[in-house]
Amino acid sequence: MTDPVLTSSLLYLDDVRVSFDGYKALRGLSLVLAPNEMRAIIGPNGAGKTTMMDVITGKTRPDEGTVFFGGSVDLTKRDEAEIAELGIGRKFQKPTVFENHSVDTNVALALKAPRGAFATLFGRAARDAREKVDGILRRIRLWDHRARRAGDLSHGQKQWLEIGMLLAQDPKLLLVDEPVAGMTDSETATTAELLREIARDHAVVVVEHDMAFVRDLGVKVTVLHEGAVLAEGPLDRVSADPRVVEVYLGR
Amino acid sequence: AGETVKVGVLHSLSGTMAISETTLKDVMLMLIDEQNKKGGVLGQKLEAVVVDPASNWPLFAEKARGLISQDKVAACFGCWTSVSRKSVLPVFKELDNILFYPVQYEGEECERNVFYTGAAPNQQAIPAVDYLMSADGGAVKRWVLAGTDYVYPRTTNKILEAYLKLKGVAAEDIMINYTPFGQSDWQTIVSDIKKFGSAGKKTAVVSTINGDANVPFYKELGNQNIKATDIPVVAFSVGEEELAGMDTKPLVGHLTAWNYFESIDTPENKSFIDRWHAFTKNPKRTTNDPMEAHYIGFNAWVKAVEKAGTFKADPVIDALIGVSVPNLSGGFSTVMPNHHITKPVYIGEIGADGQMNTVWQTPGLVVAQEWSPYLEGSKDLIGDWRKPMSCGNYNVKLGKCGGAA
Amino acid sequence: MAGETAPLLDVSSIDLFYGAAQALRRVSLTAELGRVTCVLGRNGVGKSSLLRAVVGQQPIRGGAIRLGGEDVSRLPTHARAKRGIGYVPQGREIFPLLTVKENLHTGFAPVGRALHHVPEEVFELFPVLKSMMGRRGGDLSGGQQQQLAIGRALVTRPKLLVLDEPTEGIQPSVIKDIGRAIDYLRGRGDMAIVLVEQYFEFARDLADSFAVMDRGAVVMAGAKADMVEREVRAHLSV
Amino acid sequence: MPRTAIVAALLALLCAAAAPAHAAPVDDALAHFTADKFPETDRGIDELVASGAPTAPAVLGALGDGRLLFDPGSHRVYYAEASGALDDAATGARADGVAQGALKKVRLNNGIRSKLAAALGGLDLLSPDRAKRLAAADTAFHTPDPKSLAAIDAALGRETDPAAKAALLQARAAVVATSGAGPEADRLGAIATLTARGDGDALNYVNQAAAAPDASPAVKNAASAAASSIRFTLSLWQALQNAWYGLSLGSVLLLAAIGLAITFGVMGVINMAHGEMVMIGAYTTYLLQDLVAAHAPAWSEASLPIAVPAAFLVAGAIGVGIERTVIRFLYGRPLETLLATWGVSLILQQAVRTAFGPDNRPVSAPRFMAGSFHLGGLEITAGRMWIVVFTLAVFAALQVVLRATPFGLRMRAVTQNRRMASAMGISTGRIDALAFGLGSGIAGIAGVALSQIDNVSPNLGQSYIIDSFMVVVFGGVGNLWGTLVAALGLGIADKFLEPFAGAVLAKIAILVFIVLFIQKRPRGLFALKGRAVEA
Amino acid sequence: MQNHRTFGPRGLVFLAVLLAAAALVPASSLLTPAGSALHLSTYAVTLVGKYLCYALLALSLDLVWGYCGILCLGQGAFFALGGYAMGMYLMRQIGARGSYANPDLPDFMVFLNYHSLPWTWWGFSSFPYAVLMALAVPGALALVFGYFAFRSRVTGVYLSIITQALTYALLLAFFRNEMGFGGNNGLTDFKDILGHDVRSDGTRAALFATSCVALALGYVVAAAVTGSKFGQVTVAIRDAESRVRFLGYRVEHYKTLVFTLSAMMAGMAGALYVPQVGIINPGEFAPANSIEAVIWVAVGGRGTLVGAALGAVLVNWGKTYFTGAFPEYWLFLLGGLFVLVTLFLPQGILGLVDRLTARRRPGPPAERPVAPEEQVLPRPVAE
C-alpha cells in the first residue's frame, strides 16, 4: 500500500459498496479525509450518509471496497470497539445515551482512559478526570443537569450530552451525524463554533441538513446521492450545482 | 391422655410426583383416623402432620428434619422415588427416627431407621420374569428391558440382565432402552420394540417406565397395534391409579406385577376398599399397591408400639422386627430382620375396566432380598438388625459388618 | 363556521409533571381550523410535553384540554385519535417492522371502513413513499421516516394535526415540500395545525399565530402580526 | 394340542358342517372352564373344538371377549350375549332365571388369547367376510406353522379376491420358507414372494430359509440376495419412517409452541403460564368428553372436534382474564411478566389439582384417530397423522389472521410501539387482551391434540413449556415461519439421532446443537436483519 | 459519577447483620441449653444456612442480570456444579464406611459394577482441591460458554434460552449413570467434612457461620465490582450495549468476566449448600430451579444486591412455611405473592424501600434497577 493519497490521508474510502437485502445503500462511495480536516457531508435523505458512518465505525461491513484509517489500518477487519480505540468517535443521528446513568457518568464513561475490563475493575480514576468531566459539562451547558438520569433529558439535551461524550472521548476523528437537529438557531451557531474549535486539532466529518450551519462551518462540502459522491467543493459552488439543487436543495 | 402423638406424612402434594403420592397422603389420614376411632395407640390419639415436599428432593430433607425436630413426630410415612428416600435418609439416621417407605424400589439398601414396605426386586421383578419364562406366561425367549433413565430402572434392569443371562438368555436376545423422565414421544422406541420382537422368538417387554411417561407409552403401543398376545408388556410402576387415567381398552392383556391388586377378592380387601370409598367420599377412587404397603406398615408400627409400650424410636425399631400383620390379600406380612416385609407376588392382566386380573401368583410369601445375589458387589451381603448382629450390610464372606458408621 | 368563534383546540392552563418534576406550568394554547399555531422554544422547555398532553400520552394535573368544545383531558390516547387528533411525534416513532404500507394502514383504526384507503395527497406530498411501500419502516433513512410519519398521521383524516419538529433531519428540498404540504392542508380549511419548531424561518413562514415557551410556561403568545421577531429570537437563544 | 392342529380340526369341523353332535364330550369340555385354572381352560378349548359342538364358535368368541361365565356351584357354563341375555353354553338355549350375580367370569391370559385367536382365525380363513379372511391370512403369516399349510392351500383354492389371495400366498411363502422342507422350486418361489413383500418379517423368514439344514446352494444364494435386497429397501423405508416420526414430533412441538409464538414472540410477554393454557385445553377436552358421554352418548365420537372450539374459548377467555388483571400493567416491563406469569402458572396448576385431583384424567381417542395404516413400508398411526394435519391447519389459520386482517396489523403495531399505536387510534387495551386471548386460545387448542398423546394431568403444561420456548427462540422470536421450521427441524433431527444415540443422548445432542447454532445465528434461525431490528 | 460509596448504609447494615449472625447464631445454638429462649435449634440453623446459600446464588444472579442485563436461566447449573464438587469430596470422605465397605469406590459405583474410580473423581479426596474445583469448574464453564456466546453477540432471550438449554442438557447428562456421578440419586449419605461429622451440631454451626461469611464476602465482591467503573460499564452495557462498543469498550470481555465471576459465586453457594442439605443430585440442574432463582431476585429487587439476597431468603422462608402450614394450598399463596409483588412492588421489595426513601437522595444509577427492557427482550417481530 504505497498509494500516496492513501498514506497521507487520515481516512480513505474507496469504491465502498453496501447493500441490504438487495437494496444498494452505497454504490461505489469514495472519500478521502486529510488529518485535522473538517468535512461537511450533505445529501438527500437516504443518500447513504449514516450508512457511510456505519461502515467507518465497523457497524456495517461493506460488501466491497476499501476503508483505511491513518493510512494503514484496514477498518473493514476491525470491530466497533477496536475502531473506537483507534480513535474514531461518533455521535449518532438518533441521540443514544446511557439512560440509567447520570449525565456526568455518561461523560465519565466516555472519557479517554484505559478501556480494558481489568483496568476499569481495579484501576483508579485519573486525578484530573473529575475536572475534565466538569469542564465538558459546563461546555455543553448540562452542568445543572449533571446529576439527573440521562434518560430524563429532553431530546435536544440528549443531543448535547452525546456531543459531550464525543468530546470526552477525544478521538482523532469525529463523526457527527446531524448534531443540530432539534436545536434552536443560536444553539446551532454555538455548535458550529464548538466544532470549528475542535477541528483545529481533530479531523471531523459532519453530516447536516441545516445549510446555515454548514455555511457557518466554512469547510469543504461533499454531496452524496444514491450512495455515491455527487459533488464536492466549497458550499457556494456545490449549492450552485444544478444537480444538487435538483436532488437536494430544491427550488 | 389429652396429649396427641404426631405421625409425619411426607408425600409430595404438588409437582411431578403429586400424581402418585397424594393418594398415599390420603390413605395415611384414613388409617390414622381409623386408629383414633379405635382409641388411638397406648391410649393416646394420633395426629397426622402433613407437609408438602413438592417433589423437590432437598425440600424432602428439610421437611423430614422439620417433622422430626420441630413437630417431634414418632414416625414418618413417606417418599415415593428412591431419590427422595436417599435424600431424607441421613436425616432419619441423624435424628434417629423411623421412616416407612411404601414403594417398590431397587434394593441395595438396608438401613436401621427405614422400613421398606414396598417390594425389593426379588419380590416383583424376578417373579414377573419367571412367569413370562414359564409356559403359562408364553415361554418368552427375547426381552426388552425398557425403563426411565434413573436408578430404580437401571438397577432393576442390571439385576434382571444378570438373572436372565444366568437362565441362559443370550446377550443379543436382550434389548435395553432408557428414556428421559416424562418421555412423551414413543414412536421410535415402540417401533424398535416391534422390530426386535419380530425376530421369530417370543418377546416380552419388562417396563420400569416411570409414572408420567406411561400414558403416552401405552397410547403408542395401542396406536402401533402391539397386542398383548404378540408382545406382552409387564410393568412394575403401573397401578390402578395410573390406569384410571387411561383408556385401557387397547391395553387389555398387558401385565403388571405387584404385591396387591384392588381386584383381589378377600374380605379384608373388600372392607378396606369400602372404607376408602367412604373416607374419600368417592366411590370411584382406586386403591393400589403402595397404599397396601402403608396399610401394612402403619399396622405394624401400631403393633410394635404396643409391644414396646412406648413411642420412642429405638424400642419401636427393635419391636418391629417379627411383627406380623394381616395384609389385604388374605395373608400376613411379617417384618423381617432386614426391615423389609414378606409379600405375595401377583401377576395381573390389565382389563378393560382398568382393573388387574390376577393370572399368576407366587405359591407363598416371598422374603425380600435387599442385597441382590445377582450383583457382584452385593452378593455376599445380608442385613439383619436383630441384636447382636445389628447390621444392615453384613458381609458373610468376610464375616464382618461393612461400613458401620 | 363554528371555528370562527370557538377554537378547535383549547388548552387552558394545564400543569404536567414527570414524577416530582414539573414540566408544564399553567400552559394555555389554542388552535383554529385553517390556521397554523406554532410553538417555539429552546431545548427542554416543554414543547414536546405540551403536545404529549394534547394527544394524551402524558396525563395532566391541572387545567383542561378541549377539542371542539368537548373536554378530552381524561380520554385515553386512542379515543382522542378517534376524535380527530393526528400526531407526528418527535423522533418519528415509525413501527419499525411494519412495511411502509402497513405503517400507513395503521391509520385506518380510528376511521370508518369507507375511508380505509390511503388518501392520494399523501403520495402527492411525499412521492418517495410510493416507491418504498414494501420496505420495512425501520429500514428507511431518518428523513424518509419523517415523511412516513406525516403521511401516516394524514391517513387518520385528522381535524387537528399535531407536528413535533417535523423538519428535524430533513433535507432542504423536502422541508420545502413539508412546508408546502402544511400550507396546503391549512388552505383546505378543515384542519387545525399545531406545529412545534426550532427552525425559526420555517415557523415564521407558516405560522398564523405563535406561542413561545420557556421553562415550562408560555412566555409570549399571539397572532403573527403581533410578534416581534427580535423578542422571539431572544427567547430562543441561550 | 398345538394351535395349528386346532385350526385343522376346526376346518374339518366346518367342512363337515353337519357332523352329528355328541352331547357328553361337550359337557366334559365345558367342565374344564369351571375349574378356574388356566391349564384347564386351555384343555377345555381343545376338547370343545374336538367335540365339534355347534355352540363352539359362540362359546370361544364369548371366552375371548370375557363374556363366558360359569356357576361355581352348579358347574354350568353360560355365555352372555351383547344384549346381556344369557345362553347355556352346552345347548345354546336361552338360560333365563340364572342369577347373574352368582356367576364368575372364565379368566383369560395371553396364552389363551393367542390360542383363541388362532382357533377363531383358522375359522376365519374361510369366512365369507373378506376383512376377516385378510386378517386370518395375516395371522397365518405371522405365525407360520407347517401344519397349517393344508388349510392355507385349501383356502387358496377357494379364494377369488386378489388381495386376500396375495395375503394367502405370502402366508404360504412364510410357511414354506420357515419349514425347511419342500421342493427347491417351491422354496425359491416363496423367497421371491417374500422379497416382494420386503418387510422385517419377510427378512426374518428369508434368513430362516437360508439357514435350513437341507437348503440347496440355489436356495441359499437366492435367500441371501433376497435378504440384502430387503435390507436395502428396509433401510430406505426406515429413513422415511424416521422422517415421518420427526415430522410428527415436530408438529407436536409446533402445536405446543405456536400459542407462545403469539404471547411471547409477538407480544413480548415471557409467558410462563403458557403450558397451563395447554393444560386447560386438555382438561376442557376431558370435561367435554364426559359431558357428551353423559348427555349425548351418540355424539361421543364428535366430542374431540367439538372440544377444539370449546378449548379455544375457555383458554382464550382465561387468557383475556389474565391479561386484563395482570399482564396489562406490565407492558414495557417484560421481565416482570416472567415473575407474574410464573405466579399465575402456580395458581392455575394448583387450581386444577384442587378441582380435578392430582392424577391423570382419561381422554379416549375417537375411532378415526385410533390404529395405524401402512403406506408402502411406512407405518402411519392415524392419531399422529391427524395431529400433523391439524397443526398445519392451525398454523395456516394463524398466518391468515396475522397477515391479512386488520386485527393482525394492529396487534403487530401495538407490540412494536404501544404509545404510538395508541396515538394512531388503536385501542391498545382491546388489542392486547384479544391478542393474549388468541395466543392462549391456541395453546388451549394444542391441549386438545395433546390430550390424545399425553397425560391429562396438572403437570401437562410444565412438560412443554421449556421445549416451547426453545422452539420459539430457535426459530427467531416473532417469526412464525421460524417457529414452524424450528419445530419440524428439531423434531426430525431428534428422530434421526434417537436410533443411534438413544432418547436421552439424542435430547442432549439437540440441546447442544441449539446452543452452538445460536452462536452462529444469534437471533435465531430466521433472524431479521437490518436497522429495523436494532432501532 | 464514579460511585465512591461502594456499600452505602444499606450494605453496611447488611454486612453487619451477616457478621453478627455468623458469630451469634452458632453461639446460641451451641452454648445455650435447648429450652432457653436464646436457643436456636439445629433445624433452624440448618434451614437458615440453606437460605444463605440461596441468597448467595441470588446475589450472583443479580450481578449478571441486574447489573449487566444477562438474564441467565441456567444459574442453577453453576450452583449444582459447585455442589457436585463438594459432594464428591464428601463422598470420598466416606471411605470404607459405605454399605459395601469398598475403600475406593462410593456405593453407587459398586452396585453399578465400576472397577476403578473414574478420572473425573481424581483428587477429590483433598478438600482444597474440591474447593478449587467448586470455583474452577463453574468458572471455566462460564468462561468458555460466555466467551463464545458473547463474542457471537448472543443477547436477550436468545442468551437466556441457551443458558437454559445448557442447564437442561447437564440435567439430562447427570441423570445418566454412565456419567459416574450417581445418576438420579446423586451423592448423599455424607459422613465427614474436614474430619468433623457433618451431622454434628458443631459442624452445622460452623457451616452456618461459613455461609454467613461467604455471603458477606460475596456481597463485598459484588458491591466492589458494581461500584467500580467496571460496574458502570456493565450497567451501560445492560442499557445500550452497542453504544458501549462505539466508546471502545470490549463488551464481550466485560460480560465474560462478570459471567465467570458470577458463576464462581454460584459454585461457592452450591458447595456450601451440599453439606448442609446432605444431598446433591441432578434435580438441582432443573431449569425450574434456575427460574426460581430469577424470581427471588425479582422479588427482592433486581439491581439491588441486598434485595436479591433478601428475596431469596424471603421466598424460601415463605416456601418452607407455606408447605408446612398449608400443604394443600401453598401454591396459591406463593403464586399469588409473585403476582402481587409484580403488580404492587414493581421494583421488588427493596425498590419499595428505595421509593419510600427516594426523597432523601437521588441514588447512584447503579442502584436504580429501571432498565430499558429491550436489552433482555428483543423487540418483538411480527411475521
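The first chain written gets the first letter, and so on, giving A, B, C, D and E; residue counts start at 1 in each chain.
Simple rule for what comes next: a contact is a pair of C-beta atoms (placed from the backbone, for glycine too) under 8 Å apart; a residue touches a chain by one contact, two chains touch by 3 or more.
Protein identities per chain, from UniProt: A = Urea ABC transporter ATP-binding protein UrtD; C = Urea ABC transporter ATP-binding subunit UrtE; D = Urea ABC transporter permease subunit UrtB; E = Urea ABC transporter permease subunit UrtC.
If you're wondering where the values come from, they're calculated on a predicted model, not measured in any experiment.
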Checklist outcome for this item: More Cb-Cb contact pairs, comparing A-E against B-E, go to B-E
Item to check | Innermost chain by mean C-alpha position | outcome: E
Next on the checklist: Between subunit B and subunit E, what distance separates the C-alpha centroids? Give it in angstrom.
Outcome noted: 36
Item to check | Distance from the mean Cα position of subunit D to that of subunit B, given in whole angstrom | outcome: 30
Item to check | subunit C and subunit D, separation of their C-alpha mean positions in angstrom | outcome: 63
Checklist entry - When the centre of a chain is set as the mean of its C-alpha atoms, what distance in Å lies between subunit C and subunit E? => result 52
Checklist entry - Hey, what residues on subunit B touch two or more of the other chains? => result 13-14, 149, 180
Next on the checklist: Going by the contact rule already set, what residues in subunit A reach two or more other chains?
Outcome noted: 20
Checklist outcome for this item: Among subunit D residues, those touching two or more other chains are 349-350, 412, 416, 462, 478, 504, 507, 528, 530, 533, 535
Next on the checklist: Under the definition above, what is the set of subunit D residues touching subunit E in their complex?
Outcome noted: 265-268, 270, 272, 326, 329-330, 332-340, 342-347, 349-351, 354, 399, 402-403, 408, 411-412, 415-416, 462, 466, 469-470, 473-474, 476-482, 504, 507-508, 511-512, 514-515, 518-520, 522-524, 528, 533-535
Item to check | Touching residues (chain side subunit A, partner subunit C) in the complex | outcome: 20, 23, 42-47, 50, 93-94, 141, 152-157, 159-160, 178, 181-187, 190, 209-211, 247-251
Checklist entry - What residues of subunit E sit close enough to touch subunit D in their complex? => result 71, 145, 148-149, 152-155, 157-158, 161-162, 164-166, 168-169, 172-173, 175-176, 242, 287-288, 291, 294-295, 298-299, 302, 328-329, 331-332, 334-339, 341-343, 346, 373, 376-383
Checklist entry - Taking the complex as given, what residues does subunit A use to touch subunit E? => result 57, 59, 79-81, 84-85, 89-90, 92, 96-102, 104-105, 107-110, 115-118, 120-123, 125, 130, 133, 147-149, 151, 165, 169
Checklist outcome for this item: Listed in rising order, the residues of subunit B that touch subunit D in the complex are 13-16, 18-19, 22-23, 135-138, 149, 177-180, 182-185, 187-189, 191-192, 195, 198-200, 212, 215-216, 219-220, 222-225, 228-230, 232, 241-242, 244-247, 249-250, 253, 255, 349, 351-352, 357, 359-360
